Structures are given as C-alpha cells and as structure tokens.
Amino acid sequence: MNWDIAKKNFYRQGMRAFLNVLVTALSIISLIFMLSLLNGFQAQATRNLVATDVGGGHYRVPGFDILSPTEWEDHTLKPDESLLKLSDKDKAEVLVQQGQLYPNRRLYPVQIRGVSMEQSLLSLPLDNLKKYGEQIEDVIPGVVGVKMARKAHLKKGDILTLKWRDKSGAVDARDILIVDVGDMVNPRVDDGVVWLRLDHLRSMTDRQGEVSWVAVRNYMGPIDGVEFQTVEILMADLLALLKQDRMNSKILWAILMILVCTSVFNTQILNIFKRQKEVGTLMALGMEPMRIVRIFTLEGALAAIWALVIAALLGVPFFIWFQGVGFDVSHLSEASFPIRETIYPDYQPKEIFYSLLIVVFLVVMAAWLPVKKIIRLDPTLALRGRAIT
Amino acid sequence: MNKNLIKLKHVSKVFKVGEENFTALHDVSLEIDSGAFMSFVGPSGSGKTTLLNLIGGLDVPTTGDIYFKEEGLSSMSREQMARYRRENIGFIFQTYNLLPVYSVYENVLFPLLLNGEKEKDVQERVMDIVTKVGLESQAKKRPSQLSGGQCQRVAIARALVKDPLLILADEPTANLDSENSLQILELMRELNQQYQAAVVFSTHDEKVTRYVRREVKLEDGRIVSDKNNINGIA
Amino acid sequence: MIGFLLRGVLRDKSRFLFPFSVVTIGVALVVSLVGFMEGVFMGMIDMTANLDAGHLRLVNKPFYDEEHLRPLDRSLAGQKETRVWLKKNSPEQVEWFPRIRWGAILDVPDENGETLSQTPVVGMALDLKTKNSMELKRMKMEESLVSGRLPESPNEMLMGDQLAETLGVGLGQSVTVLGQSFDGGMVADNYKIIGLVKFGVSAMDKKMVLIDISDAQNSFYMEDMITDWLGFLPPQYSLEEYEVVKKDMQEPLKRWIASPPESWAKDDHPLLLSVRDQQNIGAIADKFYVIQSFVVGIFTFLMILVLWNAGILSGIHRYGEMGLRLAFGEPHWKLILTLGIEGLMVGILGAIAGSIFGGAYTYFLQEVGFNMGDNFAQTGMMINDVVRARLTIGGFVQAVLPGIFASVAGTLVASLAIYKRSEANLFRELEAG
Amino acid sequence: MKAAFIKTSVVLVCLLTLVAPCVAEEINAQKLLEQLDENLWANKKFISGRLIIDNGRKIRTLTQDSWMEGATRSYSHYKSPAREKGTKMLKIGGKLWMYTPRTDRKILIAGHLLRQSMMGSDLSYEDMMEDHKLSHAYAASVEKMEEFEGVQCAVLHLVAHDKKTTYQTRKAWVNPITKIVLKEERFAKSGKILKRILYKDYKKIEDRLFPHTMIFKDLLKENTKTTYKFDVIQFDIEIPARYFSQSILKR
C-alpha cells in the first residue's frame, strides 16, 4: 500500500516529476557513458600497449632504460633457457639498439627495434618483413610507423641509409628499404622507431641470441639475470593519466549529482509543504509517522527508479548506437596516446551497477532528508496547513 | 451500553503563542458514553477543536489524563497513538481532507488497508457504505470532481468504514449549505444508530445542536454547561 | 514600484531565501564548473603556450621540420629586424618574446674539475634577467623556483629539480654545457646552477635546464639569432582570436619572405603558427568546447527545474496574497508581471551572490590549485601536477545568464498555476491558510 | 689535435716514400704498411694548420698547432677564431681530454660524446682517437690499379684485424711512382662508404712528400666538407714533455 500511495502521488506531480526523472536519467547515462568511455579508452590503450609492446610484462636486462638511448648497447644479453623454450605465442624477443637514419641526408637519431618474426605475442604490422630471409640481402628491410614516416618524410619503397654500431663498436651502415609504413597504433613504438627483423638486427650488431628484453604472455617467476617488469610498471604513466581523467570526470559528475539531488530535495520540500494537510489526515487516520515518511521518501525515490527505467530506455539504444560509431580521438594519437582513431566504450556491469546504486542512494537520501521532519510534525497544525511555513 | 468510552480528568491544554501562554482548555473533566451523539458547542476559540484533537489522540494534554476504555492515552507512544486512532477513531473534518490522488472508493477503502485488511476481502463492505452515503455512482470519481456535500459524505464513509467506536467531527457542516448540512446530519444520525458508533461534533451550527442528544457548552476553555437535549431529533 | 517589490521580496523569507539560495548555488556551481573545466583545459593550453608553443609562434621552417634535433644551425637570423617586423605587422596587444630551444650534453665535474658524469639535457633560453618581465610571470618563474634565485649575472642556470637530483648537483655548482653552436662549431661553456625549478611538468622537471637568452646567444654564438619568437595575447583573448591574428599576419609574412633580410640564409622561411597548430591542440580544443557547452546546458536545465519548484513553492505561500490582490482588482497579467520582476530581482541578486561565491571559490582554485602531484609524478607529460581553475568572463556569462533566466522562467512557469485559479478559490485558501 | 687525420695521411705518405724503390709491379701491401708505421710513428711532428669547416650553410676556419709523438700521443692548441682560441686537446693512449679557456676545465671526451662531430667538422672525436698503427690494425692488399686524377694508382684494400676497429675496411689510392696517397675511403662494416678523404698539394719537406691539403667528406651528409690545410710541417722536433701531460690542460 505504501508503494501504491507513493506511486499515485508521484504521478500527480506531472511534468515536474518527469523532468526530474529525465535529468536524473541523463545524469545516469552521462555517468555510465563517461566511465565506459574511460574504460574503453583504458582498455584500448592497454590492449594496444600490451599488443604492441608490453605483452604480459618484460623480462628485462637489469639496468635497461628505454629513456637512456646511449646505454642501450650496454644492456643486452642472451636470455635464460627457460625463457627461450617458451613457445612463440608466449614470448617475443626484442632487441633495441641506437641508430642514425639519414632521410634527405640529414641525421635522424632512431631507435632500431628488432623483433622475432615467429612470435605472435605482439601484434605489429610487420608482415612485409616476414617475406625476407634470415640473411640480409642487398638492403635491410625495415618498417616504420605512420607517424615516424610523416615526421621523417618517408614512404614505402624509400631507400635510405641507416648507421649503427656493432657489439664491438665498429661503425656500420647500410641502405634500408622501407618495405611498409604500418599503423603502429602505439606512438611509443612508432615515433622515432625503425622496426627490423630480429635476426637481421642481431647479425647487424653481432649480437647473436641477444635481447634487450623478452616480452612474455605470463609471469614465469623470478629468472636469473633478468628482472621482471610488470604491465603496471611499463604502463605507469598512462595509468596515472587515466586515474587523473577519472578523477576529473568524477568531479564533474559529482557537481551534476549535487544539482540532481538539489532538484529532488527541492521537489520533496514542495511536496510536504503542499501536502501537509494530507499528512495531517493520514495521521488522523492512524498512519504511523514513520510510515508516512517512508511513503514520501518512496515518492522521491520513484524519481530514481523511473530514472533508471528512462536511462535504460534512452541509454541502451544510445550505447548500442555509440558502440557502433565510437568516439573519434584521432587527435590523441598525435599527443602520444597509444590509441587508434576511434575508441569504443567498455561497459562494465559491475561498475554500472555500483554507479546506479550510488545514484539511487543519493536520490533516496535527497528525498528522505526533507521529509524526515514529518515524524515530529504536529498533526493538529498539519491538518490546518500550518505545521510547515 | 452506556458504559464510559472516554473519560477526561482535569484536562488542561496550554499553547505557547509567541512569548505568551494561551490556555485553550481549563481543567476539563468529561465522560463520553458509547453510542453517544453529542456536540461541543461554543464560539470560535472556546477550545472545542482542541478538545476533539485531545480525544482523538492527535494532541496531548498539558495536564490531566484522558482514558479510552480505562486506558490512559498519555502513556502511549506515538506509534500506539497512531494505532489508537487507526483502530478506534473516525475523523470528519470541516475541509473534508480527502486524499486527492484516490477515488471515492479508494478513499473509503484506505483506513481498512491501514488496518491490514486485504482489498478483496473488504470490497463489498466498502461498496456497501459508499452506497449507504449515496455515492454509489460516484465511486470511481476523484475528490476534485465532487461537490462539497459529496466530499463530506465520502469523509463520513471513510470514518465509518472501519467500524470505529468514536467518530470525531470537527465542524462538518461549516463548509456546506443548509440543505447539504441537513442531509449530512441526517445521514450521521442514521449511521449512529445503525453502527452504534459514538459521534462527537464540534460546532456552532444551530442545525447541529438541534440534532444531538447531549450538548456540552464551552467558553474560554471551560465547560459552562453539559446537558442532555431531550428535544434532540436523534 | 521596483523598490516596493524588492522590499517585499527581501522581507519574505520563503519567497526570497529559497529561490535566492538556489540561484546562488546554481550560479556558483556553474561558475566553478566552467572555471574548473576552463582551468583544466586552458591550463593545458597555457602550459603548452607559455612553456613551449606560444599563442603564436614564428619559427624558421627548416628548424621546425627538424625540431626533434633542435638544429641551432637552422635558427633565424636578424633578431632585431624580426622584432621590428613583428611589432609592425601584428596587433599591438601581442607581445613577442624570443626563445632559443637548444639541446646539449651537460658535463658535471667532480671537486677536482674532472668529468664526473655527462648527460643529455633539453634546454630553453629566454629572457630571465629582465625583472618582472611578462616572460617571467608567464613561466611562473618566481613560483616555480624551489630554491635559489633567478639568473642575474652571466652564465647562470636554472635546473629542473628532478634533473638536479638525478645528477646529484646542487645550488652553486658549476656545470659545463657541451654542444654545437649555430655554425656547427663546438660549444663548451660553464654555467653556475643558481636555482632549482619545479614546473610540475615532469617532462621538464626531469630533463630541462633554463638559461637567459643573452647567455645562450653568447654560448652558442648566436649573435642576433634565435630559434623561436613566441607571441602572447592578453588572457581574455580566446583560442579563436589567435587564429584571426595569425591569418591577418600571413599576407605581410609572404611579402617579407619575398624580400628577405640580408642576414637570412637562402632557405630560411619563417612560419607563423598558432598554439592550435601545434601538438594537435586545435582538435582537442574543438572537442572540449562541445563537451563544455553540453555540460553547461544540462546545468542550466537543472537549475530551471529547481527554480520552477522554488517558484511554485513561493507561489503557494502567497496564494492568500494573490487572492487579496486579485480582489483589490489587480489584473492577472499584472500579477504575473510583478512575479516576473520579482523573479528577475531574485535572479539578479542570486546571480550576484553566486558570482561572488563561485568566483571566490574559483579564484581560490585558480590561485592555490589543488595538487594531484602523485598522479602525475611519473607521467612525463606536458600536464601540470596542480590543477587550477580559471576565472573567465565566459564562465560568468555562462552561469549568470542561465541563473537569471532560470529564476524568471521558474517563477513564470509556477505563476501559471496561479493564473489558472479563480479569485474565489484563492480567497478560500486565504481563509483556510 | 687533428692528429688522426695527419696520422693517417702521414702513414700513407711515409709508406709510399719508403716503398718507392720497390716500384709497382710487385707491391707487398702488408709489408709496406709495416715499414710505413715504423717510419712514421717514430717521428715527432709539429704541424700548424687551418681547419676549414663547411657545414653547407656557413664556412668556418680554425687555426691550430699540433704536436704528435707516435701513434698514441698528440696535443693540439687552437689559435683562432677568437672563440676557439686557447682550446686544447690532449690525447694520451686511449683517452681524450679537451680544455677550453672559457670553461677553464678539462673535459673527458668519452662514451657517447666520442661519436659526435668534432668542432662541427666531418670527423668525429672518435676519428681522432685511432691509436693503432695502420699495419697493426689492418691487413693490406692491392685490390686493383685505377686511374685517379690522371694518375695510375694502386688501390690498397685495408681490412681491420680487430672487430673493435671503428672502420672495418678502408681503401687508399696510392700513386706507385710518387708514392703518395691521393684519396682514401673509409667504410662501414657492411662495406658501405662513409667518408672520403682527398690528399692534395704535395710538397717536399725534409725529403718527404707531404700533402698540404686534406679534404674530408662525410658521405652520409649533404653539402658538408672539412678542409685541412697545413701551413707549417716540421719533423723530429723537440716536444716539451709537459705538452703530453694533463697539466697542459689549463690556462
């Protein structure tokens, strides 16, 4: 019966009730949207980083720092047997060396990155490299990313000089043929990076069997001679940034919810004010004050409940539509995010559930706060409409 | 019968108005029998509504005690008071105070639901009483679609439906024209006899006083006379 | 009449306080919200502009093409001449500052003067010695200085605090810059570290050193040469206006290039860029403004809704009064008009109060900011650790107008309910109430 | 400084001077290199010269005095332009220091810095750091005879013994009659040509034919070249011991 009376009263508010519901619904949709977009962003960025670089973590040569190019040459080794016996889909051997490219005969310092062609752990657009044999023929086949190609004015089919040092320190240089300009997805393996076959890079630098790190699918426990860097460590900067983004969007959303709650709160105040005679009557009829509070709270909460329904009605098609369209963030890949042109939201049921719980809780609280004083209402005054002024 | 339903012992009620105290009732002692049909009469501000509210458990006396069938109201909690009202008292107000979102039928049904009845069990009873107050054809209408007299009939039906021992009617005819007033009073008299519920009016309406069997006069919060009305139509 | 109404409004708590506080809160929220969003966004833009890109930037194309190498041999000669040209061909509000971006190896000596360690650093040279210059303010030099002071004498250097930590050097220590001069010659020059700076931008705090532009020109033998001219407009100018200025300057620039100064090399070709053109800020900005107006829209809508409630509430409080006034023979439309005016007054008062509160809060956030340092400590991105809000005229406009509008609209919508009531009903409710 | 270029050139020049009697028919390339080294590195030399660096946009001229002893020690002192004046470079064994009056410090040129261009020239510091006798570092063979600038030259092919040698192969165009080298090329391990050096203006000094101009070109870069002109060349002079000690590296 509480439900029945609350429901009837709620609908009686008409337009205002509907608008309250609509706004709450929009807030819910925007929250889910924001969170899901960030999830999508994070998921895609993570996926891309994992797929192109990080894998399930790196077993690295101790001391190797990707930010110190001058020391790359000093940090290579032959990986432990236990790593080598992993299958090609569970590991990727990577060798990173310093080099100098000469596009238009101007020097361009680059990172030469060799990755084994057999591996399938990392997904990189290196198919054109696979066509070449283990032995370097007259030119070294290499692949660069779109961004690198644009910056260095390179295109597929270009031949230019690459210079490097071998393990002993002897200077070496050869022509490199750009066999492909690939979409690297992840700017970190695109900008300033030239991709080669691992066997080529090893023979070029006289580092047979050596790596800078081995990316693995799963952590294998501690291994002598190498240190493990987790995905979290390797992605620390991106994760920190996303944390920041999440915080910002939560601030926005909190402000939005404050207004939603103000609106509901306000409606409730109006409700009890307008209906204090009714409250008095209900008391005279012998309804316990607590029960009246419950009814009024329920009425307010109906805004939340309906909002859930409306949010589902409006949101689901929107989300489905958006899942198809995606969000164009091509500008971000320019700004060194490992993101493709479009990100798709990632809806996480648990997160959505908790978000909805919070919304409902807040709205119920906003509906309850102004009506809780009904308990202390003097029925004789309420009956005359003078209990609340 | 004729047993004391309500007993007031030295009841006073003091309201605070701004800085000053206003004594609405002075040391009132009174007994109301089961099945009574009586009225509190007096000018505006004489304390009759206050008296009704105290009897109905909507308010508590400042001093003195009120007993319902020997049970003291002052010892009751708010919840017990609500229960007391719910189970024993029917209110009828000057301004009807119907629940606007409900139909006539639902308004009458409401107190039964409050008492924990199931609608399907009491449907007939509700319709009976709606018929009795002459609103059979209006059962599905909302209060806003009814006239004042019709609204007051609904209120009466609502008060009676739960078979209360006491009906408190605060100036039930004040908002009605003479014809409607008479019809309402006639109806209440009939129902009083039929249902054996005590009815207490507060009023300054001559028409009402002509109907009741007992008339208690109040002035400035004091009972100035309490007499049986042998001329009472009832 | 207005004064009379105002008196009424102010005396009646329920008529005034609630809608007033709603408008106040609403306006304050929107001012803060817009301030916060602008702050986060423009903070990024300004950070980029102040530290790196300028609102406008004049740079030699050959240098720009190989910026990653910081090729000083592609610098633009004729600094004095360029300054004159820029002054003449840009609006007078634009202030131009020369900068030199350089890169070198920093050699840290031990106590015997022997090389202890060498590390590549990113360098920026700008006018650090002119006291109270806009350039210093723009870089927030004073605030960013963690210890030490700004350069006063020749060859004094500011160093990112994290870099100093990595290198294990401190104030007063001398380091040697090893690099290439403009003409490819060798540069070796001593600098004394006299200040440690923390911009809150990890990329800078970890890698950057700052020197005065005259020292840089001296060290790198760049007499009358610089790599960049950064142009800055006053804060009230928007991103779009940078574009206008840029566009207006293209024509004179073409003519200038057609008859270049003698000091230029044959392939010199200055480019004029706006901050939008750099680091893809244009696309980011466009998206930001869409999102911002969307958020402000929702806010306004909500505020109207809340004020509508408030209007009805005060309307109900005043049924009696309305009935009385109708009884006195006041026509409905006039009643609604006065209600509208009251709504306007409440709106304006609320907007003022909201602007004060919101503005104060935003100002607080702008001046103090709130530190998200831990999150950014390792990102190495061009984002400030401290998020600051930004007080803008736009923010007030976006808050105040909807606030006043919502107040009036809320009152009017609510007054429709009164309009529909008959005098008799109002009277009766007057009695009952 | 400049020791390296000089060294290389002098090696070749001396080689040719020495082996001249043997004539061209049967050239024992390896033996020639050995003899050359023996002759060359025993010498103490003094050279005063100009370094003309053209980076494609601007030409700079530096003047310097250099003292050399064997393959492992050299000391150079820059005299002009004004901003390089007083800059000193000292090589002892495998180490290279630089001193500039402006910094009044000796700076170790090591690691990454070694690979950078020296003074903006087409030579790296590393190029200067070669401290092997050619005959020790390389195995020589005559590749072919070829005409260069109107002279029939023997093209010597030098292959490094040690994998650590920066340039794993070199070629030298030698005039078998005048016993002078006219051109030298340095190659990457792969055989890709990196640098070319031309030797010009041969003049006779103390019975030696000595080039007075060397032109270095980094072939990976465009439009750059570095010309070294020797104005004064003296052999077997007395060099004060302090020139090859770190104490020289001060004002």
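Every chain is named by a letter (A, B, C and D) in the order it is written, and numbering of its residues begins at 1.
Here is the rule we use: a contact is a pair of C-beta atoms (placed from the backbone, for glycine too) under 8 Å apart; a residue touches a chain by one contact, two chains touch by 3 or more.
Everything numeric in this text was worked out from a predicted model, so none of it was measured.
S.K.: Touching both subunit C and subunit D: give me those chains, sorted by label.
M.R.: A
S.K.: Show which chains lie in contact with subunit B and also with subunit C.
M.R.: A
S.K.: What's the chain with its C-alpha centre farthest out from subunit A?
M.R.: B
S.K.: So which has more C-beta pairs touching, A-D or A-C?
M.R.: By number of C-beta pairs in contact, A-C is the larger.
S.K.: Could you give the separation in Å between the centres of subunit A and subunit C, each centre being the mean of its C-alpha atoms?
M.R.: From the centre of subunit A to the centre of subunit C is 27 Å.
S.K.: Starting from the mean Cα coordinates of subunit B and subunit D, work out the distance between those two points in Å.
M.R.: Each chain's C-alpha centroid was found; their separation is 123 Å.
S.K.: Between subunit A and subunit D, what distance separates the C-alpha centroids? Give it in angstrom.
M.R.: Computed value for the inter-centroid distance: 58 Å.
S.K.: Provide the C-alpha centroid distance between subunit A and subunit B, rounded to the nearest whole angstrom.
M.R.: 67
S.K.: Residues of subunit D touching 2+ other chains?
M.R.: Within subunit D, residues 111-112 contact more than one other chain.
S.K.: For subunit A, what residues touch not just one other chain but two or more?
M.R.: If we look for residues of subunit A contacting two or more partner chains, we find 70, 106-107.
S.K.: Note the residues in subunit C that touch 2 or more other chains, in rising order.
M.R.: Only 120, 432 qualify.
S.K.: Which pairs of chains touch each other?
M.R.: Here the touching pairs of chains are A-B, A-C, A-D, C-D.
S.K.: Enumerate the contact residues on subunit D facing subunit A in the complex.
M.R.: Counting only subunit D, the residues touching subunit A are 111-112, 115, 160, 162-168, 188-190, 192, 194, 220-222.
S.K.: Give every residue of subunit A touching subunit D within the complex, in rising order.
M.R.: Going by the criterion above, the answer is residues 70, 102, 104-107, 161, 163, 165-166, 168-175, 206.
S.K.: Spell out the residues on subunit A that touch subunit C in their complex, using ranges where they run on.
M.R.: For subunit A paired with subunit C, touching residues are 16, 19-20, 23, 26-27, 30, 70, 106-109, 151, 192, 236-238, 240-241, 243-244, 247-248, 251-252, 255-256, 258-260, 262-263, 266-267, 269-270, 273-274, 330-332, 334-336, 384-386, 389.
S.K.: Which of the residues in subunit D come into contact with subunit C in the complex?
M.R.: It comes out as residues 53, 55, 57-58, 60, 83-84, 87, 98, 100, 102-108, 110-113, 117-121.
S.K.: Help me check something: in the complex, which residues belonging to subunit A touch subunit B?
M.R.: Those in contact with subunit B are residues 1, 5, 8-9, 12, 277-278, 280-290, 378-380, 383.
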